[in-house]
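Each structure below appears as structure tokens.
Heads up, the next two complexes both have subunit A, just with different partners, subunit B and then subunit C.
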Partner chain A sequence: MLFFSYFKELVGREVTVELKNDLAIRGTLHSVDQYLNIKLENTRVVDQDKYPHMMSVRNCFIRGSVVRYVQLPPDGVDVELLHDATRREARGG
Partner chain B sequence: MSWAGPEDTFLSTSLATYLDKKLLVLLRDGRKLLGLLRSFDQFANVVLEGACERVIVGDLYCDIPLGLYVIRGENVVLIGELELDKEELPPHMTLVPEAEIKRAQKAERDATDLKGSMRKRMEFLDFD
Partner chain C sequence: MVAGIKEFTARVERNGVDEPVLDAVNGEELMHVQPGVSIVLGNQPSEFPGTLYISTKQVIWLSDTDKAKGYAVDFLSISLHAVSRDPEAYTSPCLYTQIETEDDEDESDGSDSECNGDLDLSKVTEIRLVPSDPNQLDSLFEVFCECAELNPEPIQEGEEEHNWIFSADQLEDEAVGDDSEWPVLQNPSNSIGQSNGDHDLARTVLELQINDQRFEDAEEMEHETNNGRH
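Right after this comes the complex of A and B.
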């Protein structure tokens, strides 16, 4: 639940999602769910020439199970807050 | 993927907003399927109507018709909405018939296999 809550805070920010098949997509985080499925808007593929089929895709749904990384803006992370929330979860769990 | 309530319509990860739209579905095996979304569930199982597989080899491509497809969610990588007013592919790409794209796919596969077997032979020689 921690990462779900955390991503909900990031809705509206620009992120780059790198998938397990090496495809990387930059876009605005539209929504996230309990499986960490992600919906991105205003998407652009990072290496467009390598993925011509993605040319007209401007918003997409990404299955949580295929995400390798979610790259965040450095000012998007309040590390202290995250750290505290994690310690609380660890204590409670 | 939750079933959206009315208050969730604008901030939901539900695929409901994609219903009846023309979508690109990327599968784990690298295939690209296009079609109209008719149904989905919480596992991202999906029903595509008028589905076709877009095979791309270099600058050549071909759309192979498949009909009505049910895709098991575990194979789904990404579901993208195709913007109707934008070009789906770069202009330098050429549409070719199915027989030709199959030939091109085979040639690409053979080249990769050859590369793999050459590498295996080199490995035996133990170059760094």
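Right after this comes the complex of A and C.
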């Protein structure tokens, strides 16, 4: 549940979600669920080569299992906090 | 489950209206029915008229006129869905979906899925659902969200616990079994294999190091003329 909690903290921030099919979508993080399904608002496609028809949809729902990366705002990342939290989670705590 | 969209022809008539046959035995139920929807597969011309049936497991579109024509795609294959109102993207407001297909290697776009006039459903990567009433789009989007949440990735056997070991200190933690601080920085002189308490677990690590030829230094392997392993 670590990243679920982590992403909940980032709701309202601008993120870029890169899917496993190479599509990258930028938008405001609206919500996230326990499966890391992501809802974005005010989305726009970062690189339109592969999916030119997607253009600017207003909201989108992205299935958690197709996400490769979520690019975060630099000030949204507390490395020490993540480090500690992941260590605890790895230990099963 | 086959990834991607496929033909769906199993219908049953109820009260004079066609309905898709669902896997009720396994709990599949209808969540939403939307008549007056056309479906656009990839870059194909839109197909109309039809009715959209959204079940707890899949999205089904049945043609109103051709009883042998219908399509279905499992929610597990729907990578993303969105309301598209941009006229430059598509002439009418619609629900845009991206479909995960069996093999995404070398896929360019939906238009390549057609060959000699026959549409290859397994290569369709984009599907648009165009309701005749665009005001239905937002509720359609919400239903898709709800059903997507009902269909998370199935958990595979053996994937639950990784049992990764990060250092010998972790072995001590498992023996102690409480919420003690991760002792990484406190005992820098501890080398792997040295146990702080649980000798049985540490012995396994020690044995792994000593007996396994794979941990030999690279230089030693090169000098062994009879050794063909890498």
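Assume the second predicted complex is superposed on the first by the 88 of 93 C-alpha atoms of A that agree within 3 Å, B and C clash if a C-alpha of one lies under 4 Å from a C-alpha of the other, contacts with A are read in each partner's own complex, and residues count from 1 in each chain.
The criterion applied here is as follows: a residue touches a chain if its C-beta (ideal position, glycine included) is under 8 Å from a C-beta of that chain, and two chains touch if they have at least 3 such contacts.
What you see is a predicted model, and the numbers here were worked out from it, not measured in a lab.
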Task: Combined model on subunit A: subunit C and subunit B, fit or clash - done: clash
- [ ] Check whether A:V32 is in contact with subunit B, with subunit C, with both or with neither, and answer first, second, both or neither.
- [x] first
TODO: Pick one for A:N21: touches subunit B only (first), subunit C only (second), both, or neither.
DONE: both
TODO: Return first, second, both or neither, reflecting whether A:V11 touches subunit B, subunit C, both chains, or no partner chain.
DONE: first
Task: Which superposed partner A:L82 touches (first subunit B, second subunit C, both, neither) - done: neither
TODO: Figure out whether A:C60 sits in contact with subunit B (first) or subunit C (second), or with both, or with neither.
DONE: both
TODO: Take the contacts of subunit A with subunit B and those with subunit C, and give the residues found in both.
DONE: 19, 21, 23, 25, 33, 35, 37, 39, 43, 52-63, 65-66
Open item on the list: Show me the residue ranges of subunit A that touch subunit B in the complex, using the header's touch definition.
Closed with: 11, 19, 21, 23, 25, 30-35, 37-39, 43, 52-63, 65-66
- [ ] In the complex, go through subunit C and note every residue touching subunit A.
- [x] 78-86, 88-90, 96, 98, 100, 104, 107-109, 125-126, 141, 144-145, 148-149, 152-153, 164, 166, 170, 173-174, 179, 182
Task: For the subunit B and subunit A complex, residues of the former touching the latter - done: 1-2, 11-13, 15, 18, 24, 26, 28, 30, 32, 44, 54, 56, 73-74, 76-83, 86-90, 93
TODO: Over in the complex, which subunit A residues touch subunit C? Could you list them?
DONE: 19-21, 23, 25, 33, 35, 37, 39, 43, 50-66, 84, 87-88, 90-91, 93
